[in-house]
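You will see two complexes here that share subunit A, one where it goes with subunit B and one where it goes with subunit C.
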Partner chain A sequence: MVGRKLSTLEGRIDMKIENLEKTIDHRVILKDINLTFYQGEITGLIGQNGSGKTTFFRTLSGHYELDTGKIMIDQEDIQKNKLLKQKIFYIDEQYNFLSGYTLNKLLVFYQNAYASFNKEKYLTLTKKNNLNPNLKYRSMSKGMQGLYKMILAICSNAEYLLLDEPLDGLDFIVKKNVLGLLLDAVSENSRSIIISSHNLNELESIIDRALILKSNQIQLDYHLETLREHARKIQMVFKTKKVPQVVKENSRLLHFQGRVVTAIFEHYTEELKALIQAEQPVLFEELPLTLEDVFEANLTHEEMNNSLQGEMV
Partner chain B sequence: MNKQLMTILKKRYGLALLITSLCIILFYGYNGVSDVKRWHEMNAYFDSEEYIKDLQQLSEDDSPRYSGLSLGERQALDKKEGLSLFYQTTSYDEHGKLISVSDQPYFSAYFNENPILLIAVLATAGFLMFFTDLKTAFNEFLFSLGVSKRRIYFSKFALVSLPLLSSVLLAKIVFVGIITTGIPTEYVNIGLPTLAANVLASWTTCILYFSLSAFIGLVTGNMILGPLTVFGFCASLEFFITGVLNAWYYFTNATIDRYITNKFFVYTVSKESISVLPIILALTISVLLFIFGSFLFPKLTLEKKGNYLLFDKLKVPVVIAMTLYVPMVLVFSSGVYFGEEVSSPIPSLLTYCILTALIGSYLVFRKEINEWINLKRQLNRNSSISS
Partner chain C sequence: MVSIDKTSSKPYYEQLILGVKEDILSGSLQSGDRLPSVREMARLLMMNPNTVSKAYKVLEAQEVIITVKGKGTYVKKIDTELRDDYQIQKIKKKLNELIIEAHYLNVSKKEINQWLDESYQHLKGE
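Up next is the complex of A and B:
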């Protein structure tokens, strides 16, 4: 109760996931998921195809029953207080009922589904984006459908928006609109947005935090600001083909071609730099670190036994 | 939130419900008007010159029932038999004397309810109540709402079943009302209590089929097997009950060639005396299924939406139920005759049991069987590579 009072006082509602597990057809999809989502934060959920990103969203939004675990919003179990589900917004990409209805009718559904749905904002945004209310959802282009779903998400006024590949297939203009809407929503209402995407370059420009889902678990949890502050991507060429021990121990190798080594050092310090320089590399160049590099280092170079030590979850 | 949920459900089903309910009432109203019209046409025929001429030409040898009767009395007899709402099949001896009427069934030429069509409509509506939302991904939306699944179940049941079943009752009352008021009282040879009892009894049968179909729609998720199950079950339910009774007679009284073929539940208004058993059974089954469904629905998880059965705990009971149900329908529903030349039903019962158990197990455990086969194949492949 103390925690709840504190949270209310701070005006911040957090979503805490404890020991979440989900098995589908005797296959473990999610295991031991322990996380907290904070308001005012955009989180990127990164994982390979089939890693369980969509299952994670479906479980959070109540489409799938939890095998074990708890989802707490403001210290209250969502399984016990179903009204809390109104704080989560999620439209499934694969399974949704939207296509058979006009935007007018969809408005009625969502207006009744979310108690604090902002109808005025909805009407303004649909008008601004030339979305005809009498149009059937299925008759809209993919880009317009994506934009419309984003409008619904924002106008729902739900505290937690789960967005599964929201920018997938959108053209440049629509994408810009969608991103604008998203950033406005976070800054205006201190919401928590959780986005899964394959396009890491796009994700990088908007997220504050990256979660890497691998082997059914959230393997790494990065706060990008911290990562950018402490981590470096460095390209090195050594005299021999042998990678010095100091590099192996402190980095995650990205590329290793001939004598050219590209590695990510998460905890890069002046001392570490001096130790590498002591190996007298022929080339030592700092490159811009991208989310794609982090993703690649963690998910695609398993054979290299050097781990980029993010905040292990 | 409950109010909002009802608004959502009304938006979703309102129009379909309104159309279905209106169609039921209009169809019954139309049937009632047609039956009354037919009665008046028959009445006009009995008063026509053509009929009188035919009646005069009939000799007593051709029609012993007219022996000793004047033309007017013959006409009155025909009118009584031909225009009464209900009649029993009658037979006369060679002197024109009525043989017996006590245990003959009643028929009616002016009560054409078309119960099969009504049951089909109700079974379809009941089945679609849960199945449609599962297959059109509306459940994903409903499950995201700030209400419990049990609340969704009760609200949906209330919103769909109440207007639909009420419209059925209303339609039956309208139908009976049109006929009993449209035909002169002297020909309405049924009392109001019997009429009301029949209407209510046939309504409970409608409730039963609706509940059964709704339950099947709730527990099945396969696009082909789901509809097939509801169709097969509804079409064979009467045969199953007949089969159970015949099996009972067979196993308890094996030397008596007693068997039944009549319908167990009440489907239409009749002058037959109403047994309480089918009414109690129909209501009990309906209530039990409704309660059972209210415990199952909150456990529904949508990753199983393509499975034949949505609930794993039902798999074994369903295979057992199939194994008992199908052979009972196939072997005992048409009765078992006893005699030296007729073989025992036991071998065919066992054969059907084994076949149904095999087919049922495959349908229900298809995924598990396929996984097991794939695993075996993979193991064989791995062992052949390693050797």
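Up next is the complex of A and C:
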């Protein structure tokens, strides 16, 4: 029993990124990236426009060379074994070759690129979604293109799907359809899916884990269910205008409005609550916490610091 | 029908567990009924399948539902005789904490009794 457990652990497929660094035109875009992506997990890569999400994907997929660092799949360096790239699926949103080809032709390309491409599934899904195989990619609507790219991703059978803003600009119905395909794919076999987005709301119920990319680094790595369990947003008013030390130390302040302090406590406990109560707040109220709050608290405050220190690029 | 409240401070899997239990108590799910598979439920709620699977595992461990390999997940026969003492103690403790808080807010015992009646009426489907 123990032996079996060990072997499954060893056989666990993951992608490990060590000390990844990328500089473009003398500008550091990514540095000190150390991460592991696990199979069966959906990860959201959250960052503002220009934070380096696309660069990160391009580097993982081998479109960019690494400056330093290593990317390992199952303990094997993907820069040494190029075949491992079949395990990664990525379509560059800006530079891709899709537009001039018919879907039929694209199918041939992708079958050649991914040895375990699932043609049967591809045919079923394209047919079900009324995607005409003789149509050129560029003549499809944006929604259809989004759907088609998701079908390619799923049918590639790659273990790591890097999806760059896959829901951006899609209408509600198509979005649901695209997400449905993705959820089915995760339920069926365990893969690792990494979705980038600047829209947290639409990822909130889908992802297991959120990574925040900011100032060239992965600043935060949350498991959302844990966060939901332990984090609280609280509105408080204290008699004096000073915010008590216990609040300052254990929370990130969201905003001040006169005396009203709204703060997020990431590790809220009964003991902490008692300590705050001991400061005798005039008002003490738990508010519904959305993930956006958490990220707002993390993103905006740093920015203020940056501008104060004159670190703007 | 089970639904997820994004603004709740409860983790999604707990909300799902509670939702299924509520549906059983209100009668919209009855013993022997088939539950949507993890995949179907994930799609239905547009939710991460891992979260659904976690909730189902807890429900199985609590013997609320049962999964028959290759067939599906079903609501278990509810045994009114059988009581899970550990869980009951936990709930009792929670209730006690709530009552302390309520007392602090000047909620009377009468009011609490009224809440209890309302909750039970709600359970019976009004």
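The definition used in the following text is that the second predicted complex is superposed on the first by the 290 of 313 C-alpha atoms of A that agree within 3 Å, B and C clash if a C-alpha of one lies under 4 Å from a C-alpha of the other, contacts with A are read in each partner's own complex, and residues count from 1 in each chain.
One rule holds for everything that comes next: a residue touches a chain if its C-beta (ideal position, glycine included) is under 8 Å from a C-beta of that chain, and two chains touch if they have at least 3 such contacts.
What you are looking at is a predicted structure, and each value in this text was computed from that prediction instead of being measured.
**Q** Have a look at subunit B and subunit C on subunit A after the superposition and call it: clash or fit.
**A** Superposition result for subunit B and subunit C: fit.
**Q** Where does A:E285 make contact in the superposed view: on subunit B (first), on subunit C (second), on both, or on neither?
**A** neither
**Q** Which holds for A:S205: it touches subunit B only (first), subunit C only (second), both, or neither?
**A** A:S205: touches subunit C, not subunit B.
**Q** Regarding the shared-chain residue A:D92, is it in contact with subunit B (first), subunit C (second), both, or neither?
**A** The answer is first: A:D92 touches subunit B but not subunit C.
**Q** State whether A:S187 touches subunit B only (first), subunit C only (second), both chains, or neither.
**A** After superposition on chain A, A:S187 lies in contact with subunit C alone.
**Q** Once the structures are superposed on A, label A:E249 by its partner contacts, choosing first (subunit B), second (subunit C), both or neither.
**A** neither
**Q** Please state, to the nearest 10 degrees, the angle that the Cα centres of subunit B and subunit C subtend at the Cα centre of subunit A after superposition.
**A** Here the answer is 150 degrees.
**Q** Pick one for A:K82: touches subunit B only (first), subunit C only (second), both, or neither.
**A** In the superposition, A:K82 contacts subunit B only.
**Q** Quick check for you: in the superposed arrangement, does A:K176 touch first (subunit B), second (subunit C), both or neither?
**A** second
**Q** Once the structures are superposed on A, label A:G100 by its partner contacts, choosing first (subunit B), second (subunit C), both or neither.
**A** first
**Q** Taking the superposed arrangement, what is the smallest distance in Å from a C-alpha atom of subunit B to one of subunit C?
**A** The answer for the closest subunit B-subunit C C-alpha pair is 28 Å.
**Q** Looking at subunit A, which of its residues have contacts with both subunit B and subunit C?
**A** Correct list for subunit A: none, the interfaces share no residue.
**Q** Can you list the residues on subunit C that touch subunit A in the complex?
**A** Residues 4, 6-13, 38-39, 42-43, 45-51, 54.
**Q** So in the complex, which bits of subunit A are touching subunit B?
**A** Counting only subunit A, the residues touching subunit B are 24-26, 55, 58, 61-65, 82-86, 88-90, 92, 95-97, 100, 105, 108-109, 112-113, 115.
**Q** Which subunit B residues qualify as touching subunit A in the complex?
**A** By the definition above, subunit B touches subunit A via 1, 4-5, 7-8, 11-12, 136-141, 143-148, 151, 299-303, 305, 367, 371.
**Q** Would you pull the subunit A residues touching subunit C in the complex into a rising list?
**A** Residue list for subunit A touching subunit C: 40-42, 176, 179-180, 183-184, 186-188, 204-208, 225-226, 228-229, 231-232, 286, 288-290.
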